[in-house]
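Common to both upcoming complexes is chain A, partnered first by chain B, then by chain C.
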Partner chain A sequence: MGVACVCQVPVAEGKSVQQTVDLLHKKLEQLGAVKQGSFCVDCETYHATGNVSGQPSKLLYVMHNSETPLSCLALFEGGPCLVADANFDVLMVKLKSHFQNAKGHKVECRGSRFRYCDFLIKVGTVTMSSSARGISVEVEYCPCVVPGDCWNLMKEFMQSFLGTSVPELPSVFAAKPEGLFAPADCVDTVTQYLELFNKLRKLQIPGSNVR
Partner chain B sequence: MSGGPAVRVSIESSCEKQVQEVALDGTETYVPPLSMSQNLAKLAQRIDFSQGSDSEEDSAEGEPRDREWGKQEQEEEEGTVKFQPSLWPWDSVRNNLRSALTEMCVLYDVLSVVKEKKYMALDPVSQDPTAGKTPQVFQLISKKKSLAIAAQLLLKGGEKLTKSVAENQENRRQRDFNSELLRLRSQWKLRKVGDKILGDLSYRSAGSLFPHHGAFEVIKNTDIDLDKKIPEDYCPLDVLIPSDLDGSAYIKVSIQKQAPDIGDLGTVNLFRRPQKNKGSTQPWHVKLEAAQNVLLCKEIFAQLSREAVQIKSQIPHIVVKNQIISQPFPGLQLSISLCHSTSGEKKSSRASPEKSKPDNHLYVLEHNLHQMMREFHKQQLSSVVMPHPATAPFGHKRLRLAGPLAYDKTEISNLQQSEGLLEKIIKQAKHIFLRSRTARTIDSLASRIEDPQIQAHWSNINDVYESSVKVLITSQGYEQICKSIQLQLNIGVEQIRVVHRDGRVITLSHQEQELQDFLLSQMSQHQVHAVQQLAKVMGWHVLSFSNHVGLGPVESIGNASAVTVASPNGEYAISVRNGPESGCKVLVQFPRSQIKELPKSDIIQDAKWSHLRGPYKEVHWSKMEGRNFVYKMELLMAALTPCP
Partner chain C sequence: MEAPPVTVMPVTGGTINMMEYLLQGSVLDQALDSLLHRLRGLCDSMEPETFTDHELVYLLKGQQGNPFILRARRSLSHPNTPWHLRYLGQPEVGDKSRHALVRNCVDVATSHNLPEFLNEMGFRMDHEFVATGHMFRKGAMKIVVSKLSRILVPGNTENTERLSLSCLVELSVLAPAGQDTVSEDMRSLAEQLKPLLHLEKIDPSKQRH
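What follows is the complex of A and B.
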């Protein structure tokens, strides 16, 4: 449990996605990080079939994170989020009449996991229907749970290997109430992934090449 | 009321009075009626008391009572058959009075006879003897008969009682096969197969996965000679246990120095434990319990040897015959052996080449092995039990929360036990060994070194993997002043973590030497700390203090510490340097005025400079009086503080 920040790394000039990922791996290993297995974050989209009138139906996103292997997260964009058991997937099958699976919209992010002292760095390739769309980097600072306290440290760390593409404070953390103890948890991480996936999904539609 | 003319009715009393005379003018003169008393006198004159009547005048009595006094004539005409015409109303009265008079006369006569005794006297009347005096013999016979009947009844009752008591004793002695079988069934599982009675003594129903069948057979003990006396421990029931569970077994866990040669491994070391057979338990119970124990020991050993072979560890475990040997620490050997002595073998095979001492056997670990095996059984059993609520998945209860609470991998792995029996027992053995060695080190130091004293306070409550001890280094007589060295040692599985009073945390390895060196360095530091504290008490000023001083010879264990204190008036100063190896060195700085040969100098002209402190002189510390360092220091300080 810690504060995690998900950001997108643009593909290097003239290089493919895989090459950029390898570059990042090398940088991390030079830094002294140790590779510790792999990770996977995936997202499935469901349409709510309740609304008949012209309103766009709400989209329910069901996400899995290999960091919490026995859990399943279900969330609406900007809305409430549910943390459930792995049986939730089976439940969604039963709720076919209310929520229809949008099969073509499944997004996955796979990659390897590095550990550097208190930091966990996950470099992954975002793929949608087996076409790579982008590169995501998640940096988690494990000891702390309050984002405001450790954001500067994380930013500095990210600068050391990401260079220029360091993001600002993610909106999920900025939205937390000031002065109150609002710890970061898996919901925040997954929300950030969702934002990233949606952003990458939108990028494809105008036909810009990401490769 | 009917409507008619009212009729006037007049009532006139009839004339009752007699007319005496009628006067010439027509007035009638009546005879005055008799008054009440006159009437009564008239009637009473008629009573003839001489004539008595014995007839029953019951019916006659009733009549005159309800007559009025005024009417006399009518009753004579209305007579019943019994009513005698000569009797008239006063008859009953007359009779009663006559009888009363008779009674009174008699009474008077009797009283006068009793009182006066003139003509008659009272004389007691002799009693007649009762009719039919019974003869003595007859009485005797009748008494005897009645006693005999009573005795017979009592004897019959007594006979019944003795018979029932004798029957009970007979039953207990005889020990009916069926009652014994009932007793067996109340404690062990039995079932009937054909005409044989089989039982199950394995732990399978308790959750064990050992493939042994653990079946025993119950037979009738018929080899008894009814003519001879039944022996005390006779039991009509006997159990046949499988041949491989015969005898008794136990698991011996021992730690010893590593054997120089590996050749004497695999010897079966038998150490026969005395059989505890209480008289109250039945022989079959003892037999079955021993067989069950053998089965459990076999299961434990099988599990341990399986894990020893399968689990990869840095130093592989050796499994030879009935022994598992592993190395928890270098130079140390942990051997777990299954000692199974069958009842057929005699004591001749008792000699084991190792001649292991009886206290080498760690009973605690043997007990822990049994306990862990039973815990494993219980876990097996509970995992098969249906989960609550019914929709929850199988498995550990806490894991059900893993999903909704988004546990990450570390938390999940914490919940799931992944250690085997062998690993656990090795860890426990390591901890026990480390703890005993630490205790030995501290004790040897405490007995060897007298000056700063070491005290160890062991905590009572320990874990299987962790114990703790508080070590205090003090000087005798100055415990309150010099108590700055207090160490808390947490003895783990492989390391000792030392927490100092000043907050430092030091991790020591399992090496004995490390702990000893550390304690020695702390003792030397204590001396210097003691001087510092003593200076405060004595009023001396601390000029400098260093725990790790960089001057002087280099110590091989730790660092030397030093302190310099000045007397209250500033004239003298004491410098102490104490090292774990080099010992203590005490120097005193004297004021210049006390030095006999002062080097004359042109610069220092003024006399006031002679009050400054000058050269140092070493103190022969071993020749100082005092039983310990701090005492000596106190004496030195006192000596250097001149009386005003």
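What follows is the complex of A and C.
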């Protein structure tokens, strides 16, 4: 596990989501990256029932990342993140009278995984209720665990295939004191996916350009 | 770095419901050594495992019905191991001739911020205690002999006071639903521990005030 950055890539002008994803794959292959399987990150939303009316109900997100298939991450936005094993999903079923699953809010990000030297690149299509809402790109620099030390290198690498869509330092790292390292449990990566999913959820128009 | 398999995670339906089959009893401290000696002879492995655990019991009060109970347990002797979160369902009412208490059980291993996370979910800690003792195994059966202590100052596990001069003994098996032959093996082990220890089916709902 290294330092990972998740960003959104806008759909190319006049092209569909799938075509943009194919373009990115082509660029990566031209660079010399090798396709290595697929990945999936998904997110279920639960909201607490039984709250005093008038108070907004707290949202609990339960996420899975195929990089850590035996784990399940449960988090409150801006709150604590629990790393648990796969049985946590069974526990949420038992808790269904206290935490309702907002089934229409399930978000999934699926796509291909590429390996380029020390980088791991994952290009995914974010779907919500079977409609494609956007494209995500996760770039992980595996040998380093201190975000501040490798951010410039990651940015330069991302520029080589993302062009102008290169993001700023993710807020999960900006918020950490200088020199603190990214833990090996995917919490920071998954938090970034959650931010991306929530951003895409708020967009009225789905990913493809409508002119 | 090979890609891990991408699996479709089934959340409802397809997951196996695990059941806990339980028999409980107690022995006075004076009889503890004889019990440990007998268990060493009857059970697998040369030396039993010792443990010192801190358990916190959390309640979530809903709009109606009984509060939802979750048990969070951590090891004080191995502080880096994950926390253990456990849900125990209502005992199955059914076959009166069934020898053990049967209830649905969900066990989850979690990271160390479990208490903070449970508070965020709305759970409130009802009580906590420290359990220390020995654990034996015989096939799929687990026998736990524990001394329970009350925690005098919340959160301080150093300062404790024994709840009683007895040790709690629990014989349990975790098995998928429907495997009733399990309780036969439990009954035969329980027979071999008599008259030193009487293990019986104790319904927890009858204990509540």
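The definition used in the following text is that the second predicted complex is superposed on the first by the 195 of 211 C-alpha atoms of A that agree within 3 Å, B and C clash if a C-alpha of one lies under 4 Å from a C-alpha of the other, contacts with A are read in each partner's own complex, and residues count from 1 in each chain.
Please note the rule applied: contacts are C-beta pairs under 8 Å (C-beta built on N, C-alpha and C of every residue); 3 or more make two chains touch, one makes a residue touch a chain.
Because the structure is a prediction, the values reported are computed rather than measured.
In the superposition on chain A, contact of A:Glu108 is made with neither chain B nor chain C. Once the two complexes are overlaid on the shared chain, A:Met1 sits against chain B while remaining clear of chain C. After overlaying the two complexes on the shared chain, residue contacts for A:Glu67 are found with chain B and with chain C alike. When the two complexes are overlaid on their common chain A, residue A:Glu138 makes contact with neither chain B nor chain C. When the two complexes are overlaid on their common chain A, residue A:Ala86 makes contact with chain B and with chain C alike. Contact with chain B, but none with chain C, is seen for A:Cys186 once the two complexes are overlaid on the shared chain. In the superposed model, C is the one of chain B and chain C that contacts more residues of chain A. Contacts of chain A with chain B, set against its contacts with chain C after fitting on chain A, overlap at residues 67-69, 83-88, 185. The touching residues of chain B, counted against chain A in their complex, run 393, 399-400, 402-409, 412. Of all residues in chain C, those touching chain A in their complex are 1-7, 9, 11-12, 15, 60, 62-63, 65, 68, 85, 87, 89, 104, 106-111, 113-114, 116-117, 120-122. By the touch rule above, chain A contacts chain C in their complex via residues 36-40, 42, 44, 48-50, 58, 60, 64, 66-69, 74, 76, 79-95, 97-99, 110, 113, 115, 120, 142, 185. Contacts from chain A toward chain B in the complex involve residues 1, 67-73, 83-88, 185-186.
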